[in-house]
Structures are given as structure tokens and as C-alpha cells.
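In order of appearance the chains are A, B, C, D and E, and numbering begins at 1 in each one.
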Amino acid sequence: MSALPNREEKITLDTFLRGLWEENPVFVMLLGLCPVLAVTNSTMNAIAMGLATTFVLVASSTLVSLLRRVIPKQVRIATYIIIIATFVTIVDYVIQAISLDLYNALGAFIQLIVANCVILGRAEAYASKQRVGASVVNALGMGAGFTVALLCLGTVRELLGAGTILGFQIFSANFEPWVVMILPPGGFFVLGAWLLLFEYLKQRKERKLLDSEGAIS
Amino acid sequence: MDPNSLTFIFLNAALINNFVLALFLGLCPFLGVSAKRETAWNMGLATMFVMLVSSVSAYAINWMLTELEIEFLRLICYIAVIASAVQLVEMTVKKFSPALFRALGIFLPLITTNCAILGLALFQTFREYDFLQSLAFSLGAGAGFTLALMLMAGLREKLELARVPSVSRGAAMSLMLAGLLSLAFMGFAGLGGSHA
Amino acid sequence: MKKVISVGQIMRNVVYALLPLCAWAVYQFGISALALILVTTLSCALTERFFCWMSGRPTTLSDFSVIITGLLLALTLPPGFPLWMGAVAGFIAVGLGKSLFGGIGYNVMNPALVGRAFVQAAFPVAITTWTPAFAPGRFVEFIPSTLALPFMSPVDTADWVKSHAVDGFTGATPLALQKFERITVDSSDLLFGMVAGSAGETAALLIFLCGAYLALRRMMDWRIPAAVFTGVVLVALPFHLYQPEAFPSPLFMLLSGGLMLGAMFMASDMVGSPLTARGVWLYGLLIGSLTVLIRLFGGLTEGVMYAILVANALTPLIDSITQPRVYGTGGGKEARS
Amino acid sequence: MSGVEQVQEPPRTPSFAMLRTLGGVAMMAGLLVVLVFQVTKPIIEENKRIAIEKAVFRVVPGAASRKDFVLGAEGLLPAAEAQAGGETIYAAYDAQGALLGVAMEAAATGYQDVIRILYGYNPACECVTGIKVLKMAETPGLGDKIAFDPEFLKNFEALDARLAPGRDGLLNEIVAVKHGNKTAPWQVDSISGATISSKAIARMINQSGQRMFPLIMRHLDRLRAGG
Amino acid sequence: MGFINLFRKHNTFSHGIHPLEHKESTAGLKIRRLPFAPRMVVPLLQHRGAPAVALVKPGQEVVRGEPIAEPGGFVSVPMHAPVTGRVKAVGELVPTAEGPKTPAIVIDTYEASTQQVLFDSPRDPARLTPEQLVEAVRETGMVGLGGAAFPSHVKLLPPKGKKIDLVVINGCECEPYLTCDHRVMLEQTGKMLAGIRMVMRALGAERAIIGVEDNKLDAVERIRAELPADLDIRCEAVETKYPQGAEKLLITSLTGREVPSGGIPADIGIAVYNVGTMAQLGDLVPRGRGLIERVVTVSGHGVRHPGNYLVPIGTPLRFLLEQVEADVGACEVVLGGPMMGMSTASLDVAITKGVSGVVVFEHREQDGLDRPVFPCIKCSACLDACPLHLNPSMLGQLAGVRDYARMEQEYHLNDCFECGSCSYVCPSNIPLTQYFRIAKAVNRETRETA
């Protein structure tokens, strides 16, 4: 985790991109894993969850940032939680209004967005100290990072587990799905495999860097 | 076995639909506090305890909200009431059993708002459990959480001594271990259902 | 002053003990079983080689442990299991079950069973599709599902089974028959492998003898199978006495399904089992009782694999509560004279 | 940072600021939620109604309208009038208003967890006319076929559920048999490889039917009349 | 839980191992004298405790049996000249089997040096008070000949408040190859019993038990035939099993009692002596002489004339091996028994008071040792072997990640007496005992620097 900015920050591309990669809440910080694993047995669910989370993230960051000068220290966490819970309740009803099927597929995990520490973490570590603009951009970045992670899992799991993406047949009709991928163990395995891949690439890069330095000196 | 019996609810929450390994609830503490058996045990106890408290409070709030017909405030109330209830109990414990407090203390504030606790409250509401069923559910969920945590901690301590390849050290390995545990727990599927 | 057995010797002997089982499987199920055994073993070996190469370690093929993994894996799969799925199982067994944690000695769960559990969850239909033993023409003709194209669904074997009309073959294992139809298969059929089931699990007597060879040569801890059997009997007997028609006898429990193979060759893998004698008893009793409970009250007909995996996961905890009592640290002995 | 400190400075006490903020935020939250709730409530209810209707019409083919009743201690009452709890049943009528069938829920433990279904019963032919799975956690590709496998669903298009002469239970127990072994119209032909899930469906219909069908027959007139 | 004793196998301890004995080639051979080497090397530290302090100067003449060094502290012993000759050097650094070099007195032997010991001051042990007896033992320079080389007089002065009521005499000789104690029991029975009598008197002990492994029943018979009537001394056969001779286990085998962890036999009122120690004391104290030679088993496939030799202390190993026509070219030489002994790199080390055997292995005999080391496969063979019921598997794994502190705190590292049983049985060929030695050394060092 890079040092948290204490001074108010200028909005740069980095404010957004940080959440997408360098501080990716799922792959790097390993936060909010429960929804990531629970709802990614299909791409559709992953997208819906990503959007819902991003919305709550952005909305609560905005409000927290707006109110940052009037919230006393002692009650700030309580306040944040109430704010977050409010937006989650809103999302919950909106999704029910949009599609009951989707709502049933996501189960309790919409409401559990409240417990997702990415959101509380952003509120506490960033939005409470930054201007609204920067907070929104940062929250969008984090939301995007979270959504990308959900998609990384959702597509792999749906593709292998059902042979489809977003319900469209990708492989030949005779493809034998790997059911385990949409079962709970599959969630762990796929996330584990992504982390392995990232670690492998990182180590390879470091080795190359070392090698090239060695060659120079 | 009757799906509404207390035993079945307990077993189901502990083994078949284990909170961590099958429902994906409480993963952050599961991955974060499972490096050592001792902390895992204390964390498990703390969680079980908080689950019990929140199950009781959720039952009470839900009853009240239903009476007042303001269910739409459920989520906000749950999270606020559970957090304060835990804080209250924490203060009581601190006063009457400092030893217990030392064991559980550091974990309590961390767990209060995590998704296993909230999930427990929400599930018992959705499934319309009565008071006793809610208790059995929370105890089962807590026991299952502790079991998963202890298993994980045991395995991780064992692997501390292994020559694990550099790539799989760390979070990736923990996830793979969780996957293997989850795979093993699939054997409990359908336990207690009558199939004759 | 070294004149004890080496790891390589132990592993080689286990391979020897497994060969009769493989031969029996081939005799029973024909070339499909042979092909399956070859494919899983090859897949395991190649995976081991690959991961050793990836992590820059010397190859460890020569210790033969990976051959055991391959053979045992094949023996636990249905004889008509598609070969490509067998290859997947082998890859997962060694990759996820062993190499990920550092290779031989460091795996936390039995690699062969990790592979099997994975394909059981991935391909639940294929792994519960049984074909008859002693089908005519089994030495010249593959079971059609065996040759499914990689990543493609296997063809339905129902017609093939019909065309080979083996007397009264129902496509159900003795355990499934017992559980769903309350038909108990004769013990003698179970002893000699005259039933449906995984390639290497059917002939209880042969498995017992091969395991006994290992136990006698002290390459395997006899306590583990003994404890598993005890656990089975302790749990199955009361139920059987209470309701003989509903709950099968302990003998049936011991001889049916993968219990014999699991107790003799898989629970006994020392890497995943506790260290002390007390720990091993606990571990074995746990496997035995869990197996019976899953069989009687679970959703699955067979529970040996899951029981062993769960017990493997419990091993570190069992170990921690069964440390040996060190000489001279109490236990009341000092007081005596 | 400085902003926070300013707020805490006297003359206003910190606890006043805390209360004010918490109260304010809570008010705002309440308002927002109520607002959204009010807006979405009709939509959601409509969604739910459509969902139930779709399900009822599916399990009672040919239905055009439905009425909800509660079958409980007080006997059969229209849902709106029922005070004490009971089991909700949905009576379905054709375009002319004639009773086509009754839909109700049933549940039992399947392979992984509890399976809940809605199924239709036709008092005229004394048979089950269709099922729809409402909730399950069966294995994808195996047990979950109970929801859509046409061959399996065909079992329930006219599943014999005649009452025994005493009118207090079924004449023939509804049971699942192994795939391909169906010989009687009250048997359910299992999905191969998912016997457990199939048996769960048969079992839940049997249990529910043993109890409910005699009651429905008793209140048939009321149901026919529609209230 | 007395009834459990009914099932306890009598006269043995639990666990332990059964290595091949290889005693047949020397067990029947009488003790023979070895000629003097032209140059003798007497290290000043041949025992546990403080080094001795030299009393002689270079160029000085010494007579066989004359004291040449005095004790350097309470836990220390004097040294005596093994030969008549001229001191060539004092304090010269010489190699040892353990590795680090140590100062020694080097003596050039006069060719005329006789086997006769001229340095005598006879006395009657029966007349000495216990205190005088202890002093007399100290003057002999006697250390434990069973291998540990702990100064014998120290064991005669038990810690305050501890009363010794039982003396256990260790005639197990559980190490493969070694037969020197066996020969001593057969050939010097009387001297040995005399030594036991002295020790019992010095300690005020009422009873003594001589424990002998049941592969030496001839020795048991011989001893039983000569047991004195006036003393409560018994001779018991115990199971032949390694490491039966470790004092803690021998005590358990003979009495069923356990020495507390971290304690010494004196804590339960017992003192343990080796049979060779007793025989030498029985010989030396009445004559007022010092310890200048001991019986050493020389054996192994690489030795042409294996046997038991009475070797002057300070004889260079190379000389000894020449005398028995050992083929040293392609061999590994172990001082002590093969299980506990040290494989020595240099042939210039001297035979010291603690060396009970010299075993010469041909390389092919060592086949197992160069097998590759595998990771621990948790086979639990080592747990079943460890006579102290430690968990060598876990200790080894912890050593692998250098968690030495945990080895000590949780897994009783300090109880391990490095018997080598675990390494012997390990199919993965893990040098467990070696790891434990290193771990203990590192822990000791960290404690000292802390």
C-alpha cells in the first residue's frame, strides 16, 4: 500500500488508475473478497455487483467528502457506516425494481456491500481528507478496480464452468463444463490462480531487472 | 432429518453450508487471522460470541421493525444496533472478566461490521427463523467458522516449515488451501437430509 | 552404519504392491482401465517434471512417489472415465496437491485424492457413470466414453452397456444399491471384485493382501487401516443392530466402495497423517466414522475420499494435541521405585 | 484535517457536535431511504406479482387469473382477510373464471440444501399439473436439471394424485424411481445421476399432497366460487 | 497404575533401535597390550570440565605413572605420564576428533620404557573415610570410561540435600562393534567389584545393580558367581537394544523410574558408573596410581587384526592403526562407537581417556550415508525410535527453517542426548542428530551473548 496522502491531492490520471492496478482492492489489498468470490459464478452477476459497489463507493465518498469538515472525529466511523448503509439500502431496492431474477441471484450480497471494507476504507482513508472531486475520481478508480477483479473471476468461472460468457455459448455445444468452477472451491481456485499468475509475472520482471542490472555492472 | 430442527440448522450452518468455505462469508478475517493457531482460536471464539450477540439483537430489531412496519430501515438498524450491542458486551466483559477480554478484546471491534456477522443476521431474517432457530444458526455458523479457521491455521503453520516455491508463498497459497478445504467439505453435502 | 530403508525403497515397494491391483483392474475392465492407468500416471509424472523445471529444482521423478499418485488416482476413477479427464485429474493432483506446496513431503492433503475430488466436483456425471466388469470384448474394444475428445462431453454409455448385456448390470455400485434400493450385495462378491465400481476398488481381498504386504514390510503403519476399520465398525454396528434392514452390516461397509483401498493405501500415506501412535488412532477412527456417517446420512453414496481429505486437514491439529510425552516430564513415573 | 479541529473547538461542546452530526446524518439517511422506498415499492410489488403470476400460470397451464387464499386454522380464507397464519395457496382460473387448479409451495432437502418448489394441482383430474423450482442449490449440470430438464418436467404434466377412498390421503404414494423404471402414473422418473434431487421433489410433493389435497377438496366449492 | 507394569516388558525401556551388532569379531578376543608409540600426545582436556594445568616443562624427563598435570578446577582431573620419556613440548596445539585444536603435552618415549609402573603409593581403601576415598579417586585422574569422560570424583559428591541410595553399574555396551566392557567384565571381574565396593562406601549407598545387555550372558554369569555376600549387589540382564547404555534409560530399565527432564540421576538418588571405570578404580586406588591406559576395541572391516587392546592414553591414532594393520587408505575412522562416535578427519589425534573404540569402515559400508537427503515425509520412524520420546521429525523441520528457539521451548531440544537413533532410521536420510547438535550450539551461543 502506498503512503496515504495527507495533503489534499490534485486530481491526476493516477488518482484514478491507482485503484485499478497498483492498489487494486482485490488483487493487491485482498479486501472485500467475500462478494468477489460469492457472486462471480457468472459474468452477469459480476457486472451487477461491480456496478452496485461502485455506485455505493462513489456516492458515499462524495457525501463523506462533503461532510468532512463537520463530522467530529469520535463519531466518524459511525457516521460513515450510516451513510454507506443508506446507499446500500437504496441500491438494494433499485435492483429489486430492475430485476427480481438478478436480485435473487446476488442474494444477500447486495446488502453485504455494507460490510465491504473497501468502501469504509476509502471513506476513512481518502474521502474524509480530500476534496469532493478527487474523492469521486479515486472512488471511481477503486470501483473500476473492484469491477475488473470481479470480471476477471466471473468470466473465467463462467467460461470454464458453463462454457458461456454472459450466457452466450463460446465453446462448441459439446463442451464439457467444469462444474467445479461455479462451485465454491472453484472461486478459491480461480482467485488463487490469478494471484499466482500475478506473482509469477512480478517475480519474472524482478529477475529480468536484476539480470539486466547485473549485465551492466 | 427435519430441515427446521435445531440440530439440522446447526449442522447445516457448521458443515454443509459452512460460512467461509461454502458461502464465502468472513473471508477477510479468515485469511487475515489464520496464520497462527492461537490467534485463530481466539478469533473463532470472539466471532462465535459476536454472532450470538448479533443474532439475538437482529431477532429483536426485526421483530420491532416488523411491528412498526418500517422494514426498509432494517439494514441501517442492524448494522448500528449490532455494533453498539457488541460494544456494550465488550465493556461488560472488560469489567467482569479481564482475562476473557484480553483473549477476545482486540478482535471484537474488527469483527463487528464484517460480512459474516451481518450475513448471519440477514440470513436468519430471510429464512424466517424463530428465536431458538436463530440461536442454533448462530452457534452453528460460529462453530463452523472456528473450525474452518483452525483447520486453516493448522495447515498454514505446517506449511511454514515447508519448502514452498516462492511464487505460491502468501495469499495465493492461502486461497488454494481454502479451495482444498472447501473441496473436502463438499463431502458433507446433503448430510442429515433423508434420502430413503 | 546406515542400513535402513530409504524413501525411494519405500515408494518402490508401494508401487509393487499396487501393481497386482492394476493388473486386476485391467483384467476386469480391459484396455480402457489400462489406458486410464497409463494416462493418469503419465500426466502426474509430466506435471511433476514441469513444476520442478518451473521452480528450478532437480527432478524428483526418481523417488517414485509420483508414480504412486498416478496409479492410485487411476484406481479410484471409474473404468470408463474419459482419458482427458484423467489427465486433468493427474495435473491437478500433482500441481495443486503437491508441487504448489513444495513437492514430496510438504503436501497437506493426499495428492491423488485432491485430483479425484477436483474431477468429482468438475465432472460429476462422468465420475458416477459405472460400466460392467468382465464385459465381453473388453480386451479389444474401448468403453466408448474413454475416448471422448479433449474438453468434450463423453458419449452416453447406456447403449453400449445394453449391447454388451451383462447379466443384471444396473449401473449402480453396491453402495448406491444399498442406499437407494436397499439391496445388499453378497460379501463374497465384494471380496472378489464381482461388482461395479472404480477401476481398482472392487476386489477387497486383493487390496487387503497387497496392503498387508506393505504393513508387514513396515513400509506402512498398520495402525492406520486398523483404526479406520475400527472406526467403521464402531459406528456402523449400533445402527445395524438397531435397524438391520435400513442400515447395512459393518462387514458390508468394510468391503464395499473404496474403503479398503482408502484405508490401506490412501489414509496410510504418511505425509498427510499424524506422527504419533495416538494421533494415528484418532485420525483413523475419524476417517472410519466419518465415512460411515457420510454413507448413511449424507447426500453421497461414498464418503471415503472426503473423510480422508477432512482428516488430512485435521492432521496438524491432531498432531498438536498428541505430542509424545517426553521422557522425564511427569506422568507419575518418577514417583515410583 | 484542520477543519475537523475547528469544529471541536469551544464554544460548542464536542458532544453537542457529535449528536448534531449523528442526528443530522441519520435524518438524512432516513429521508433518502424512505424516498427511494416509496418510489420503488410499487415497482417491486408489481415485479413480485408478475413473478408469482408467471409461476402460477406455468404450473397450472391455461390459467388467466389467480386468487390467493390462506389455508390455516380458520379454514380457507382469501389472503386479504386472513388473520392467523397459514399456508398460502393460489387458485388459478381460466378466462371464463372457472377453477383450473391450485398452486402451492413445497420444500424438502435435496442434495445440497433445501429445495423449494411451486406446484400445481388440478382437483378435477386429481393430478399434479406442473412444477417450478423457486429456490435450490443443487449441483449445476446435475441436480439443477430438476428446474429445466424437459424429460423430467414431463413427469409432472399429469402426475396421478388420486385421493384414497377415505379422502384423507393419497391413494398411491408419489415416489421417484430410477431413470427408465417408471411404470405407474404416480411415479416420477428420476434424472439419471441426480437421483437424490429427483427423490427430493417426489418426496416434497407427496408430503405436501398427503396433507393439502384432502383440504383443498374439502374447500373446493369456496375455491370454485373464488372467495 | 500398577497393573500396567504387568504388561511392561521387563528390564527395558520403550522405543530405541536394533542396529546390527557386529560384535562377534572381537567379543571372544582377550585384552592384549599395545606397544608404546615413539611419541605420545597427552591433551590437557580429555574430559568434561576445565582443562588440566601442566606440571612439567619441555625437556624434563618423566616416569611412567608420574603426574604431569594437575586439575584446573573442581570439575577437572590430573594427568599422568603414560610412558617413561622426555617432554618434547608443553601446550602444543594438537588436532582432536571434535575438530578444534587443543593444547597437549608431547612426550618422546624412551625406547627402554617398560610397561612397569613405578609410581606407586599403596593403601587400603577399606581404611579410608568417604572423604579420603573421594580425594583418592580424584588423584587417579579417573573420568567416565563409558564415553562421556565426566570426572568420576564429581559424581561421588552429590549435590546438597541429595542422598544416593542406589549405584547403577553400566555394563550394557549397546554400541555396535564395541566389546571392551564385555572383556573387562569377563577378565577383571574382581577389580570391578572392588571398585563398586569403594564407590558404594564413598556414597553411602546401600544397593548396587549391575546392568548387562542380554547378549553378554556369559558376563552376567561370571559376575553373579563372584558377587560378594556382604553387600547388596545384584547383576541383571537387560534387553539388547540401542541405546540401553544411556544412563537414563538403563535406570528406567532396571528400576522403572525416570530421571526428570533436565535433571541428573542424583535427583532420584542414583549414581551411574561404567564397568570399565569401576575396574580401573578397583585397580588404581589401592595402589595409588593414575589412569594411564584403557581398553579400546579396535574393529571394523578395514582392520586386519581386530581386538581389544590395552592402549596407553596419548597413543596417536595413526600408530594404533599401524599396529592392527588397518587399511586406512579408503576408509573412514570413527572414534567411539559408530552411533555416538566421531568420524575423524585426521589420523594425528590421540587416544584419550574417553575413547572406548576405534572402528574403521570401508567406504562401501557407508552406502546409506551418501544417499540424497529428502524432505521429511512424516513417516514417524524417528518418533518410534527416539528413546526419550521426543519428536525428531518436528525438531528436524524446525531446524530446517532455523527456528532454534522453538525447538528448545516447545519440543524439548535440550533433552536430546544425541544418541543418533533418529538419524539412523530416517528413510529421508536427514542428518537429524547433526542438526540438533548445531541447534544446541547456536542456542548456547545466543544465550551467552545475550
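Note that a contact is a pair of C-beta atoms (placed from the backbone, for glycine too) under 8 Å apart; a residue touches a chain by one contact, two chains touch by 3 or more.
For clarity, every value in this text was computed on a predicted model and none was experimentally measured.
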Graph distance between chain B and chain D, where chains that touch are linked: 1
Per Cα centroids, the chain farthest from chain D: E
Between the pairs A-D and B-E, the one where more C-beta pairs touch: A-D
Greatest separation from chain A - chain, by CA centre: E
For chain A paired with chain C, centre-to-centre distance based on mean C-alpha positions, whole Å: 41
Chain A and chain B, separation of their C-alpha mean positions in angstrom: 23
Length of the line joining the C-alpha centres of chain D and chain E, rounded to whole Å: 85
Geometric centre distance via CA averages, chain D-chain C, whole Å: 43
Numbers and ranges of chain B residues touching at least 2 other chains: 1, 72-73, 76, 162-163, 166-168, 173, 176, 180, 183, 186, 189-190, 192-193, 195
Per-residue multi-chain contacts in chain E, two or more chains: 375
Contacts with two or more other chains, residues of chain A listed in rising order: 78, 82, 85-86, 89, 93, 179-180, 183, 185-186, 189
Pairwise chain contacts under the document criterion: A-B, A-C, A-D, B-C, B-D, B-E, C-D, C-E
Complex interface listing, chain B residues touching chain A: 21-28, 31, 72-73, 75-76, 79-80, 83, 113-115, 117-119, 122-123, 126, 166-168, 170-173, 175-176, 178-180, 182-183, 186
Contact footprint of chain C on chain A as seen in their complex: 171-172, 174-176, 178-181, 183, 185-186, 189
Residue numbers on chain D that touch chain B, as the complex places them: 29-30, 33-34, 37, 107-114, 196, 199-200, 203
Contact footprint of chain B on chain A as seen in their complex: 30-35, 37-38, 78, 81-82, 85-86, 88-89, 92-93, 108, 111-112, 114-117, 120, 180, 183-189, 191-193, 195-196, 199-200, 203
Chain B to chain E touching residues, read off their complex: 160-163
